[in-house]
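Below: one structure, written as structure tokens.
We call the chains A, B, C, D, E and F, going by the order they appear; numbering starts again at 1 in every chain.
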Amino acid sequence: MSEEAPESLQAFRHFREKLNAAILASDNLTIKRFFALDARAYEDGALPARTKELLGLVASLVLRCDDCITYHLVRCREEGVSDPEIHDAMGVALVVGGSIVIPHLRRAVARMGELPPAAARGVS
Amino acid sequence: MSEEAPESLQAFRHFREKLNAAILASDNLTIKRFFALDARAYEDGALPARTKELLGLVASLVLRCDDCITYHLVRCREEGVSDPEIHDAMGVALVVGGSIVIPHLRRAVARMGELPPAAARGVS
Amino acid sequence: MSEEAPESLQAFRHFREKLNAAILASDNLTIKRFFALDARAYEDGALPARTKELLGLVASLVLRCDDCITYHLVRCREEGVSDPEIHDAMGVALVVGGSIVIPHLRRAVARMGELPPAAARGVS
Amino acid sequence: MSEEAPESLQAFRHFREKLNAAILASDNLTIKRFFALDARAYEDGALPARTKELLGLVASLVLRCDDCITYHLVRCREEGVSDPEIHDAMGVALVVGGSIVIPHLRRAVARMGELPPAAARGVS
Amino acid sequence: MSEEAPESLQAFRHFREKLNAAILASDNLTIKRFFALDARAYEDGALPARTKELLGLVASLVLRCDDCITYHLVRCREEGVSDPEIHDAMGVALVVGGSIVIPHLRRAVARMGELPPAAARGVS
Amino acid sequence: MSEEAPESLQAFRHFREKLNAAILASDNLTIKRFFALDARAYEDGALPARTKELLGLVASLVLRCDDCITYHLVRCREEGVSDPEIHDAMGVALVVGGSIVIPHLRRAVARMGELPPAAARGVS
């Protein structure tokens, strides 16, 4: 498999859960509070969770973090974001971030093939 | 005025327009096509222009580009994005990008004071 | 004055305080919690505040954020970090981050000329 | 094999082609135009393709994108860029981008071992 | 194994040594001098090697370079830096660099499980 | 003048020279050696100085460092690089780095207006 190809989603989730637990077990207060803050930043507020997940996806794409991209793709699908909406967000990220984003786009599109389709179509 | 304080919005716009014209006058085809593509990336599509401007704002915040932030703040206001919605987007950018984003947040909030309030409140 | 020359430390502080207040006045919970977390991350812990300020300085240098650099230089001096220690930290940041760090090093050294000397010499 | 070791060039090419096709199949106009623009940016112009590929290589090194580095190494070799010329470009990227570039340099040099030697020596 | 999981430390070391040798064999003077400079930047000076390795670790975390993080974790342990001290440094890096640092934190904590414990506890 | 408009070239040079001297006066060996290495990286080698300055320009554009861009624009002109060649290099940087590069492009083009024209036209 290519250097570009991401590992399976199941393996990603397993490693993520196991190591997040190990990080929190370090009992460092700054790290624990950051993790709590990270979770609540995407909850419904003035902007709905759905829009915030799209913001997280684009931020992850321009900062080029594959694991963050995977996480927000999963969450976007859970929030009912459609594929054309995800592609629109990818287009913005590509123009802002440049061709350096393309390898991450390839891995993101490969990842999308692994995810269950968007459950319900909400309104953007 | 502090090193952090941005120049006036009018001066920003004047310089931007003048130099964009100078860049396009170079008649370099790659650059001209990029500018055209940049303009169309934020038009209504599967996602509305309003959401795309929020995506552009968050991308600009995490990549820490003051001029890009100013541009998308202006456009967000034109699209009727409310202040609490902008603050929500800023919260996501801050958590994703870290404290290194804070100086840009300060300049962004100073900039918001210069802008006319959102004309109409649409739905996010 | 050159584009590289930072504004006066007093102007920096005035703008910083005023706009931090404006940001917190937005009453966005994510942003407020991030600001609280940012403050506590540099308090004495397993590592003393002094070492943490050096960590903050190097992180700010390699991420190339002038305002963050100014802030941590002020705090390093307050914690009694000596000039040769600051120069040593700058050397690490320069090697890790490359020549792209140099313009920020120039502004940092200009800033150091404005600061009161380290009050007391602690042990590193 | 180490985490640093890149996968085989053949696997890289296969994944790249397959996923580029998947991306373009999304039929998003912004993305499609960006891909077209990306291709033409390296064609002969005021600067020859050869020099542009060196520019792309250095940009990819300082932005630390392994897949982009691989792509431009392949293209440099096709354009007849010699190994000492590539090493010279790497030296510039290393000084500008700092030691953080070194792991990518290791993978780049490993990749060069897989590539056919430069066909013909042109003039820079 | 997950895309996040780093390869074994032994494989990392083997690849690193082999390719560093290949890079130096290119006999490019700029690159060779950079490598020499990189080695000496962490030697005892106004700041002890121990503190400099912590600086290198935080710089590597905020710049998100897994191989650099591994290297400095190994060196921190050799210098007797304790786990709570490393977690404190990670907390600073997380707040400065944002949630985008988290996947690297996961891999760093996984890596720490592979390393021999800190030989001796020095003073920070 | 706009926040985007760079200060005069003369002011830039004055500040740069004065502060470089201040940095070197710190007598930190790592910093001094880095400065020496930085100077020699752009000397004629397998690639001519002219091409290396173009590499430095593109690296500075994608890393978005205005002072570095100014420096390499001055040097490119001294090496006889023509305006269409500089625009070609800017096009590559724009495509690789994305729209986030545009504000730096504006300041770069403003800067070019201040520089004496390329003395002699060499061959690329």
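Criterion: a residue touches a chain if its C-beta (ideal position, glycine included) is under 8 Å from a C-beta of that chain, and two chains touch if they have at least 3 such contacts.
Since the structure is predicted, the reported quantities are computational estimates derived from the model, not experimental observations.
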Interface repeat test, A-F vs C-E, C-D or B-F, passes over-half contact pair overlap for C-D
Of B-C and B-E, the pair with more C-beta contacts is B-C
Between the Cα centroids of chain A and chain E the separation in whole angstrom comes to 27
Dist(centroid_CA(chain D), centroid_CA(chain F)) in Å evaluates to 23
CA centroids of chain E and chain F: separation to the nearest Å works out as 31
Contacts with two or more other chains occur in chain F at residues 28-30, 34, 37-38, 41, 45, 59-60, 62-63, 68, 84, 87-88, 91-92, 94-97, 99-100
Given the complex, residues on chain C that touch chain A span 28-30, 33-34, 37, 40-41, 45
Within the complex, chain D is touched by chain A residues 1-5, 64, 83-84, 87-88, 90-92, 94-95, 99-100, 102-103, 105-107, 109-110, 113
Residue set of chain D touching chain A in the complex reads 6-7, 11-12, 14-16, 19-20, 22-23, 26, 28-31, 34, 38, 59-60, 63, 65-68
So, in the complex, the side of chain C touching chain E is made of residues 37-38, 41-42, 45-48, 51-52, 54-56, 58-60, 62-63, 68, 82, 84-85, 87-89, 91-93, 95-97, 123-124
Counting only contacts in the complex, chain A reaches chain F at residues 62, 94-101
